[in-house]
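These are the structures in question, set out in turn.
Here chain A shows up in two complexes: once beside chain B, once beside chain C.
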Partner chain A sequence: MLDSRVLRVFREVFDDEQLAVSDTTSARDVPDWDSLAQVKLVIALEQEFDVRFSTTEIGTWACVGDLKRALRSKLGAA
Partner chain B sequence: MRDRDALIERLASAGDPLGAAVAVLGADLGSLLEATERFGARPSTRHARALVDLGGSLAARTPPVELVEGGTPARSWLRAGLLAARGEHDAACDAAASAAYDEDPELRSFRELFCARQLARASDAATRSRAWPHLRRAALAAIDLGTLLTIDRLRGKLAGDGQPSARLRIRLAVLGTPTLDLLAPAIRAACFGRGISAELFVGGYGLYQQELLGPDPRLDAFAPEAVALLIDGSSLGVADESPDPDAVVAREVERLGSLWRQAQERWNCTVFQSNFVVPAVDPYGGLSASLPGGRAQVLRRLGLELWSAAARESGVHIIDVDQLASVVGKTVWDDPAAWHAAKQLPGPRAVPTLAHGLAGMLQAAGGLSAKCLVVDLDNTLWGGVVGDDGVEGIELGDTPAGEAYVAFQRYLLSLSRRGVALAVCSKNDDAAARAPFRAHPEMVLGESDFARFIANWEPKPDNLRGIAKALNIGLDRIVFVDDNPMERELVRRTLPEVRVVDLPLDPAGFPGAVAGTLAFEMLALTGEDRQRAASFRAMGQLAAESSASPLTLDAFIDSLDMTVDIAPFREQDVPRLHQLVNKTNQFNLTTTRMSEVEVRKLVADERFYARSVRLRDRFGDHGLVAILIARHVPTELRVEQWLMSCRVFGRRLEDVMIAHAAEAALAGGAVMLTGVYKPTDKNGQFRDLYERLGFSLAREDADGSLLFTAEARAIAARQGPKVRVVAPATR
Partner chain C sequence: MSAPAEIRVSLDWGGGEPMIVRWLVADRAPVKRGQAICEIEASKATADIVSPADGILVVVIPDGDVRDQEVVGHIHAVGEALPLSAAAVERGPEPDVEGGTHVPRSLRKAAEIRTLEEGRRGSLPSTVMQQLVVGDLVDRLRDGGASLTALVILAVARALRKHRAFNASASDTGVLLHDAVRIGVALDVEPHGLRVPIVTDADTKTVAEIAGDLQILLYKYMTKTLEPDEIRGATFTLTDLSSFGVAWSVPLLVGRQAAILGLGMIRGADPRDTMLTFSLTFDHRVASGREAALFLSDVRKRISEHMVSNDSGA
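Let's look at the complex of A and B:
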């Protein structure tokens, strides 16, 4: 369920209904994934899951898997 | 089954209802449906979102799940999700619409966006085109950035499918110090909600000076009609403590002023300049504001100086970002994480506030501000139902809610004093509706504060049309305030042009809800604006009287006791003249727009007969309401522009004006009077004006322009209405 919600957020932010992401997908793999898209992504994830991310967390994401781990730990803690 | 109650309990109280619902999905459908009812009649946006997801996952079930219509909003959302996942877009939209409950702007924008997306996915263009009103309302209600960005994307994708024509098109360059790429689509969406089609040029991070001063071919090609300059206070290099604060303030005002002039010289554009947000966090703390050279004190002084500097220029307006930041909260406005990650300012959560604020200013600059607020009575101006509870039984004053209604009435009274017309539209017997105004001691508003007082049992959309007609304004100039969600929904659906306020349940929030629409925002306030409410009241009465006895309209006009003051253009009238030239759409025979500079040039230009008209009558002073500009050419006076405020239509003021022009023509040695009519979408009702005034059609051009001529002597001799004219009939 978390996977499908994360995927939906990615498709929305990158405006690509066919976009596929796996846990190993990183910013290098998605052409439009720049610092601005990163901000959009954070906003959209924060809205979707009702959480807040810190600068440190955002800075350490190397791939989608990292992002999901951060999400899971927040949701679990809530 | 043993777990059923526990599951329902978990779902109903879950912080993450979706996660809990996943668990329930393993259980039987009956439990699931029962559980959704526990979300109650007022699901939050998060619940609605979760329910849509849940409904979507039901679509994969075998045997197929069927959900009947009706039930709580929670059930409707579940059904909407199910239908959406099955591709039944139209039905999904209807299901979401039946979950109506719109007091919360976030949920309202979610619902409208859901409907718009469903309709936008339909295969036929006719259904897709029905997405527009939903999308527009979603944009008006949207308070979060993600929603605005989605709306902007959907708007782009839908473009072409029966898109309603824009009230205003504008090329806006957004330049400044922070990254502006997130702000730009949000501005476009906020403008779209207000019927403004904004084409944007987005400046580079920190490049505004180069873009404004250097030759920038891209910007020149774009030729902005408006430039928004968003300059972050921290970019000014104001020290923690300035040794010479006066010099800092003077330097910055001078520097920004020269940028404005540069922009205006290059593109003849309107400039919107942000002022400066005093930072929430300053190393000097409170000292920053108390020390003469403290950053906070310098930025505040600079802000005040900017207002004065802008007032000295024409076409420069200040975006009060310090106020916007205060309203949204400076810790939200200034989001250090977003700044460090992407040089984003304001913070993502504050971007919608700025986008709506700027869109509201563009609306005001385009002359599209609302003019009339139509208000319901029961549970809107007072608590309770006067028809049932009696004058003594209504809640007004005394109790906390009663005080809130009094405060709302005070707010409305102040609105009317600055030129907003008020009207009543209530489902009531007329006598019952008027009783509190006559007998309740706590009433702030009186019957005479309303331009129209409509209390009957007719459908409200019909009454709103009647009010618009009586006041001679478009439906898009009306804001509708009603506590009843069903009335609001009916008006939204039947009169999409009317701005319907999402009124909260608590009357304490009514003034904030009206203010939040920004519909009555204006960039300047002329004497005429202050007079306008009185004019509208006169018009309302005029409409009532003239419909009562249409045969005696001329007699009625004569009885108005009109005094018409026809004067050459004067320096002190330039702001109002400029406003009238650019805002008048109906009685505007050539719809030629002019800059303030061009208007000013007509003051004392001997080649022109340029006259402004002021009107007084027994209802009050209407101020400067009409303009006629004609050019003296040998043997002829050629009327090039003629326009009149819609507030004073139907009084034969046009007869008085043209007769005066004819006399001026004769005095100047001219024989003929000529006039041009150029058709637009708005001025059709004045196509035959010249003919009605005794002119003959001389020529019709390919673009539809009509040229009329008449002998000046004949026009001057025509019988006009009975008025007192105070004006010299000279050149």
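Let's look at the complex of A and C:
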């Protein structure tokens, strides 16, 4: 469930319905994944999952797996 | 004829981002010294500005965001010729072409115009440019979790420590060389509008740390949570249009800052030919063209050295 919702957010942010991501996918695998896209992802994920990341967390994720772990941690603690 | 008395915003009574709520006296109406003439709001508190003199009120800024110590109006002596009203200046001359749709200027745009007009007032702007072939540096920085903007900020911040005239505020009587290096980074993402959050002490940080700072500022910008001290008091500005396909630009001076750097990029058919362009607009009252060229060369050299010393680019 979480995986499919995360994938949907990625596809919306990058405006690519064919985009596929795995836990090891990182910025270097997605051509348009720059610092602006990273922030758009964070904000879109916050809205999708109704969570808030701290500013110190932003940018600490090296790959999609890191991002999902942070999300699960937030959702588990909620 | 005496100079008109200035009506300035003063935040002695509070902090935050001030804005004019309303003028309590009509433009061009007579006022008395000490009379409340304008209502200002900041940090959800309001206060009145009182007239500094007897005379005729001439409103300079009708409404919207203002800055601490900004001149929002003047008091002219009775009988003195008055300048065009703010409304007339705002509206401008009637266009020659009939028809069309009038789009009112937003408060944010009006504030931007005031800041740029302040930079133009009395300054002697001049622009010098240099180029640097960077090959695949941009991609390597991104893959390393950093960004071109972060690297340029680092190079500029360290160069400013050596070339202090460009980290300064100019005035009619001299120059204030700033101790702190606070680099404003122009951000303009739809629909959030132009904002210039500040990276502090970049000369003491790594590229990765600056990239992290930028990420946080970008997040705050897009969620409208920037604090006043994160957008006030820049000593130098960077405007990076390289990701928009802009080859080069001629940036305008901001406020009283002595210089601003525009970053552009020309992508060659061969990625190895990718070239950065640096456009430095500076106030000739503060420095010469030769000094500006030396500053830009220093920035360029620092980026070149980084490219050589760090294979990942980060």
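Assume the second predicted complex is superposed on the first by the 78 of 78 C-alpha atoms of A that agree within 3 Å, B and C clash if a C-alpha of one lies under 4 Å from a C-alpha of the other, contacts with A are read in each partner's own complex, and residues count from 1 in each chain.
Note that in this section a contact is a pair of C-beta atoms (placed from the backbone, for glycine too) under 8 Å apart; a residue touches a chain by one contact, two chains touch by 3 or more.
No experiment lies behind these values; they were computed from the predicted model shown.
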Partner touching more residues of chain A, whether chain B or chain C: B
Which superposed partner A:50 touches (first chain B, second chain C, both, neither): first
Touching partner for A:27 - first (chain B), second (chain C), both, neither: second
Partner chain(s) touched by A:75 [first = chain B, second = chain C, both, neither]: first
Partner chain(s) touched by A:18 [first = chain B, second = chain C, both, neither]: neither
Partner chain(s) touched by A:36 [first = chain B, second = chain C, both, neither]: both
Partner chain in contact with A:58 - chain B first, chain C second, else both or neither: both
Set intersection of chain A contacts, chain C complex versus chain B complex: 35-36, 38-40, 42-43, 55, 58-59
Of chain A, residues touching chain B in the complex: 1, 5, 12, 15, 35-36, 38-40, 42-44, 47-48, 50, 53-55, 58-59, 75, 78
Partner chain A, residues of chain B touching it in the complex: 15-16, 18-19, 22, 46, 49, 53, 144-146, 149-150, 153, 179, 181-182, 336-338, 340-342, 344, 348
Chain A contact footprint on chain C (complex, rising order): 142-143, 145, 147, 149, 189, 211-212, 214-216, 218-220, 222-223, 243
List of chain A residues in touch with chain C within their complex: 27-28, 33-36, 38-40, 42-43, 55, 58-59, 62
